[in-house]
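Two complexes are shown next, each including subunit A; its partner changes from subunit B in the first to subunit C in the second.
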Partner chain A sequence: MNTLTAKKPATSLNLKWLKLAPITVIVLLAVLSPVLGTFDPERVVADPSLSPDGDHFFGTDPSGMDIYSRVLAAAGRNLLIATGAVVLTSIVALAVGLLTGMNESRSGIRAYLARGASRVLDLFDAVPAIIVAMVFVALYGVSPTTLVVSIAIIMVPAQARLVRTEVLRIRGEGYVDAARMSGEGEFTVLVREVAPNASWPIIENASYVFGVAVILTAALGFLGIGLPPPTPEWGSMISRGASDAAVGRWWSALFPALALSLTVGSVALASSLIRTRR
Partner chain B sequence: MRARRTLATLAVAALALTACGGSSEAGDDGLDPESVVIVGAAQPATFAYDAGGGGAYEIIEFVINNGATLIRYPYVEGSGGAMEQDSADFEGVLAESYDVSEDGRTFTFHLREGVVSQQGNPLTAEDVRWSFERKFNTEGSSTKAIMAPGLTDPATQIQVIDDSTVSFTLPEAGYGQTFLGNLTVLISQIYDSTYLLENATPEDPYAVEWSRSNANFGFGAYELTEFTPGEEMVMEANPDYALGEPAVKTIDYRVSQDPGTRANLLRNGDVDIAEELLPADQVDLSDEGVISLPDVKTNNLNTIQLVSNKAPFDNQAVRQAFTHAIPYQQIIDTVYRGRAERQTGLLPTTQPGYDDTGLEEYTYDPALAKQMLTDAGFPDGVTFTLTVSNAVPDLQETAVQIQSFAADAGFTVEIREVPPAEVLTGRRDGTFEAYLLRQQLINLAPFYVLDIWFKSAPTSNVSQFFSPEYRALIEGGSLIPDQYGPEANTVWNTAQQFLVDQAPVVPIAAVSPLSGFAERMDGYAWRTDNVLDYSLLTAE
Partner chain C sequence: MNRLLNRTLGTQRWWVTRILVLPLHLLVFAVVTFFLVRAIPGDPVLAVTDGDITPEQYEAVKESLGLNGSIPEQLARHIGNVATFDLGDAMVSGRPVLEEFGSRLPSTLELVFLALLSVGIFSLFASALIVFRPKNPVSRVLFVYARTAGAVPEFVWGVAAIFLFYATLHWAPAPLGRVAGRMRMPETVTGFPLLDALIEGNTRAAVSMIEHLVLPIAVLTIAQSALLTKVLVSGLQEATSAAPTRFRIASGAPRSAVVTSMYRRAAPPAVTIVGQMTGNLVGGAVIIEALFGLGGMGQYAVDAINSKDIVAIQGFLIVISVLTLLVFLLIDVATMALDCRRRPGAAGVAL
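Let's turn to the complex of A and B:
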């Protein structure tokens, strides 16, 4: 058999797309949670701490709320916060990365500002993420918006640094010089030539930001400073269920913990596909 | 050589066996009846309770076992089988007896002979005088507010008669019951003034700062001998304790923040007593036959404080409507698994001559609540924030029940869980709209109970309810010499009816003790401060 001319089987390509299946299923479950949920996720609907059965698939929590309905409802909320964080982080990181990358080796006030911005990014990066989030939430209160903003503050430095590094490489490329020589203004060069080519790293890294956002939201909930109870949220559900698990009522914490693990794992799987395709 | 090695091996084996065998005092199961292991949620953050010690369980428990008061409420057999304190009577601890003058205003205490502090200094009347001088001159102390109006100026009201006699003179005879009740409370502990003055400095003349982190400056039943922050502390019985050396000589107090873990330690036999358990875990362990639970009615009262100087609860009709939006029985059944009791007023129903005429229990009636809201001009309902401490799991659960069931009554409840430090500042600054509070009033004298939550001090008056009519009523009652007589009980009944109607504070339920005891333990007694008196414990 001539291996040089052998074609890759068609099924190989299709199997690669299967990496998207888990996260697709999770997103679908989150979107359909109002339909798939069997009880109001924020109301006491039964006796407390019932073990899983035909009425309550995942049992009930210590308050008597249906864990299955709450895990589904929490999926929508956690994924929405993570998506918001990814979008905000990407926009801000792209802007900051472009401005610092294009200006910091020049002279004048813009260069000083760019270099100053770089040092501010370093400063933010030096503080542990969870501390930044806790301080922000303490100052501005807890809501989905403040969670999105606090996660963005945490993630922007790393993302902006990726863009800046890419800009430093691109700005000396021939096609950028050619665009300038053809009369394009600096802003047009930035938007049409540099930005599209420098944004790849943050798109690749978006899945990482998404995963971190899901974990951070849950971590704040676990620490008791997340969304107010009884808002369905995986971290606070795990936190409230942990004490139950210690005395044998395992279901309160297990199902939200599984949901969190599967979501983060699914995002990691999907991101490997994006990296492979580049 | 070989024989010598064999002998050495046998000797080591014999030593090991001896060590495994424990002391000669050990019971049949190898457990030492003179040593008890307790697991609690935290260690005391300070040893100086009179310097803003707060109301945390672990602080109160440590302080009442490490220090002592002149008198206490006596322990009597309770209706549920457990011993409990009789809040209408008093017995001596550091004082052997006390006399009351004919006009009922002067109380003369005769101190026990031969009582020495944990540092070996004898108890004197000067210790009593100096202790109150310190409490009244310590910044952050609640003593002044609590002792008023009976004791307001120790310098003129306390007189040292001789080394073992000291008197207190009150402005009114009617204040006597409340005053004596206050003397049973931990803010009235007597300190070893000789020892504290040895550690005083010009900047810290009463050694307040020093005593925040140094224990054993009193005359208590136990002395702190080891303290490992965040992990463990060991207390040894004081052989010179005024009421005799306790039966349990060593208390090994360990810390585990998680209530489930504490329950598991008790289930596995790793500890003898677990404190601050979740009621669900208590009931499960009891059903398994692992532990015994004390059955006693307490004053550990869960309330909702409706802050009456800001919307929406500045409207009496809204407050009244909300009393019908709370699922009282659901909370007792679900959160407390039946280990709590409804309470209508603030006073204990067991007090002598208690009069419950006209005191109607609040009921959960969402349709009525909705109608009352509509009549009050809120047809679309009312939204408010309910604040709760994130350090009290059963209160957090209670908040969730209220949020869920009050929705049917037209109340949208937003729960805000805050750390204990924020609770203190919120109470002080009056920033809450409604606050879920569990508090036991240690002094159960009627005037004290009806007064303390409605004083001018915002820290205790969480509901910010100031009513001249109410104050005139209870202050009139405070002057009646017999505080449990028919005349006084009529006043207390009128005051309670006034509170039920105004509804600034809504009692939900009195919670049963949250501790669990291994079968080998005995000697539990309910105290009005709801903590454990180690000196009464016995172990098999």
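Let's turn to the complex of A and C:
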């Protein structure tokens, strides 16, 4: 094994890490946005709908706010919400997947509960994500926290199913039996043997969850029911830009849309690094 | 129980049992919507009304939300209401929620149906091009597009399309409704606007509607086709090297017969994904309706959310859930009909 990796040319190993470059740049831009931003992102700073020039790099929106500063300021918020959603989804999905997977082929009431839970989760997976997000936001209000929780609720069924499938496979593996026979308790087996081996599908799929989280947050903002203006947020910026685009002013929708798509794309690119199977 | 079902239904059991679980699924959604509203932090009545009401109004709102009585009582009443399709009266308009949906749901369904048709046709052609003409530059572009499924959401495509085809090229009409301004909508017969215009013989309205629908449907197609194309391509590629395909080629079957059989083999996973696609398209339609001012369920839901109309929102979730349940029922029965290995109880059959 070692000899095989040693034979590989050194350059291919280095080039591989370039896949991390786009997302690193985006995160850096988001972190440095207070320094890089040229205007207050939540104030009217100039005439409305100015085209891009030396002062306002990306122009101004219909109410006269600087688009460049707002796109940058929104990056941090959108990235944080998506990261929070990925973390929460992964933790809950791992727990749910482990519990349903380990109990499903037992006998008795726990098996029925586990199978029932799996079916109910499958049912929820069927409802369109944006509808669930809309209802959730309508009932519990909009804040970064409710956004994170609602995205997690939307993504947990699919992720938990991935874990469950993996758990069902691992249950019969030799090392699980070996751990049991060496006297480890059921909980220890679950945490030390099954969980680490069953979590790779959610790690692999994390970039997808991240993409959905970014897009859902923006979609709610686009519908005018996400984070309220003047909070900088890509979705609501694209929505305001839509009326501009209809009269031929391309800039106020283009730049937030580019930011959104580049973020989703670069996370997908970075995640192809850890995609070991398939 | 199992034996009884087998004896009475025989070989038809697979689809009958699938239909029989539908009410159970509906019950699950009824219970979940019930607890979603009860889980609102604090007093839901105050959350909806901002607290600026008289005690009598408070009681009235409480009753319209179904919050009077004990929890089991409320739950029983709620399930009874859902079972009889009584979704309550919208708090803003005072009209029954179901009636309000009745005039809006068909136009959304029309958009979803046309978009689904368009996605299906696009995916069939795109997958054929990718699999049978892999070196064609167009199919290379399509292949990359299929792999980046969903990276660019429909509202971005929509704004780009409005800028390009309306603002710059002036090919598309203004994104401000279903028909040109001042034109009256046709009489309601079926509720589906385009179908009504055709029934009425009102060609001017029908043409105007089609003009207004081209861009939204094109946007939905571009934004949503990637998933179906990807599934079809992988199914076809698998079918290319499958033994039955090689047998057909070796025995000199005409090219069209080989291609048909390959699509037949790729069909079950593609049909399964159509269920998810329909869900995605309903979600996409909600956004596209808001962008193109098409009315329908999307705008209604956004208005309901902005006016905190919990009764309407609850009804919205239930109606969409019932819709997806029905679609998934159809899809399940269709895949089971296409591929008998997918029928329940067929697990023991040799694959």
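Some observations on this one:
One rule holds for everything that comes next: the second predicted complex is superposed on the first by the 268 of 278 C-alpha atoms of A that agree within 3 Å, B and C clash if a C-alpha of one lies under 4 Å from a C-alpha of the other, contacts with A are read in each partner's own complex, and residues count from 1 in each chain.
Please note the rule applied: a residue touches a chain if its C-beta (ideal position, glycine included) is under 8 Å from a C-beta of that chain, and two chains touch if they have at least 3 such contacts.
What you see is a predicted model; the values in this text were computed from it and never measured.
If you put the two complexes together on subunit A, you find that subunit B and subunit C bump into each other.
With both structures placed on the common chain, the touch criterion links A:63 to subunit B but leaves subunit C unconnected. Once the two complexes are laid over each other on the shared chain, residue contacts for A:92 go to neither subunit B nor subunit C. In the superposition on chain A, contact of A:218 is made with subunit C only, not with subunit B. Put subunit B and subunit C next to each other and count what each touches on subunit A; the higher total goes to C. Looking at the shared chain after the overlay, A:245 reaches both subunit B and subunit C. In the superposition on chain A, A:123 contacts subunit C only, with no contact to subunit B.
Look at A:195: by the touch rule set out above, it reaches neither subunit B nor subunit C.
Of the two partner chains placed by superposition, only subunit B is touched by A:47; subunit C is not. When the two structures are aligned on the shared chain, A:274 is found in touch with neither subunit B nor subunit C.
Common to the subunit B and subunit C contact sets on subunit A are residues 224, 242, 245-247. By the touch criterion stated above, subunit A contacts subunit C in their complex at residues 120, 123-124, 126-132, 134-135, 137-140, 211, 215, 218-219, 222-225, 235, 238-239, 241-242, 245-248, 250, 253, 257, 260-261, 264-265, 268. Across the complex, subunit A meets subunit B through its residues 42-44, 47-49, 62-65, 224, 228-230, 242-247. By the touch criterion stated above, subunit C contacts subunit A in their complex at residues 25, 28-29, 32, 36-37, 39-41, 148, 150-153, 155-156, 158-160, 162-163, 166-168, 174-175, 275-276, 279-280, 282-284, 286-287, 290-291, 298, 301-302, 304-306, 308, 310, 313, 316-317, 320-321, 324-325, 328. Listed in rising order, the residues of subunit B touching subunit A in the complex are 258-261, 263-264, 267, 278, 280-281, 284, 330, 334-335, 390, 393, 396-397, 399-401, 403-405, 407, 414-417.
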